[in-house]
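I have a structure here, written as structure tokens, and I will follow up with some questions on it.
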Amino acid sequence: MVSVSVAVQSEPFDVGAEYTQLRARNCADGAAAIFVGSVRDLSDATRVTRLQLEHYPGMTEQVLRQIAEQARARWCLGRVRIVHRVGSLGAGEDIVFVGTSAPHRQAALDACAFVIDLLKTRAPFWKKEIGPDGEFWVQARQSDREALEKW
Amino acid sequence: MVSVSVAVQSEPFDVGAEYTQLRARNCADGAAAIFVGSVRDLSDATRVTRLQLEHYPGMTEQVLRQIAEQARARWCLGRVRIVHRVGSLGAGEDIVFVGTSAPHRQAALDACAFVIDLLKTRAPFWKKEIGPDGEFWVQARQSDREALEKW
Amino acid sequence: MIRVLFFAGLREQLGCAEMEVAAAGASTLAELRESLSARGDRWRRALANPNIQMAVNRSVAAADCALASGDEVALFPPVTGG
Amino acid sequence: MIRVLFFAGLREQLGCAEMEVAAAGASTLAELRESLSARGDRWRRALANPNIQMAVNRSVAAADCALASGDEVALFPPVTGG
């Protein structure tokens, strides 16, 4: 596995397989951090049964790669892997995987948090929530923009 | 799966299976964070081929459970899972798994980092490094004690 | 020609995912946006939203970014992935 | 009686994993530690280390912690798990 790897796909990802890849032939890294975001069944007051994920093909992969490279420039990291799903997702399904490996735990943990924070505000994905009450584009959150301030 | 679960075991753990458990029948949590620590092949200047992990049976599980409960008292979390291996581990083998789930990502990520930081300084495990140059008890690191200051 | 893409809620508001415009009337992103706004009420309203983000050739760009024939421009609401 | 456990490097230094001592001569952790130190040079040296940590009934405890018969005491070096 190369040091930075990103994927945008409609198929589910396998967290165990992703972890195995992150660690394969990688004895120098004693720490791995993973974040997985998935579809909640409850968004504010609206019940959500499905999520439709749209993206900007071509730009998405480029932005994800740039975010991963920014993390590698900032921390001593082994590998960074980002997988983001697009298309129609049911409640409880996984949306995004961020995995980092590093010689030391703080770098792996910080880089993982950094990547998901940047992804949330920079990567061109848009969520539409679909439920019994209709279809609604998810609004960007102020808290996501504020989360960037710590980096 | 109950909200707090800890295990001390000599058998390997399966990151994919642990993740599945963390998320099973748990649609309220849209975020999961995982940390995995494993045996590096290079510790300072000494080459390490095996690690012997000793613990204090009875106290270990209790301390791990207390750490998990402290995390739950501090953040809005769904589940906390800690698995720590003991016995003889080869280079590249996984040592410790920390998994957290939460409605929001920051809670999951912070709690995961908190648990591993506390575990490093509070849970009664001791590592002995075994390599071609002999056997050496790993010394506690000042950086691990300092890592606690942020909590 | 400049290729212009619209995404998500903005695409639905405009009823348009993609169009081509002459490079002549759009030497900067700001100019392009203005000429698009002039296409009618629906366009003016949708593009008046100050939160709309713009990209040129797949990188986020500011309003004064210069455009040339062959560029790919995208306009979209704040992103909500992850 | 008080059950006393030693772990890791300390266990190896002392050549002892577990022992029982009379509760009478050890009303606090500090007293217990002192009486153990008096068992000989090896014990004095090993227990003089200020980094040695102590637990009573599986919870970390300070030197002034009172002891009673039936208690389980443990002495060990700083932990290095994770």
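As written, the chains take the letters A, B, C and D, and residue 1 is the first residue of each chain.
Keep this in mind: contacts are C-beta pairs under 8 Å (C-beta built on N, C-alpha and C of every residue); 3 or more make two chains touch, one makes a residue touch a chain.
On a predicted model such as this, the values are computed, not experimentally measured, just so you know.
Leaving out chain B only, with every other chain where it is, the touch network divides into A, C | D.
In whole angstrom, the spacing between the mean C-alpha positions of chain A and chain C is 26.
With each centre defined as the average position of its C-alpha atoms, the distance from chain A to chain B rounds to 22 Å. A straight line joining the Cα centres of chain A and chain D is 48 Å long.
Contact of a single residue of chain C with at least two other chains is seen at positions 82. Residue numbers of chain A whose C-beta contacts span two or more other chains: 37, 105, 116.
Inter-chain contacts, as defined above, occur between A-B, A-C, B-D. The residues of chain B lying in touch with chain A in their complex are 14-17, 19-20, 23, 26-42, 91-92, 103, 105-106, 108-109, 112-113, 116, 147.
For chain A in complex with chain C, the touching residues are 37, 53-56, 58-59, 62, 84, 95-96, 116, 119-128, 137-140. Interface of chain C with chain A (complex): residues 5, 7-9, 12, 51, 55, 58-60, 74, 76-82.
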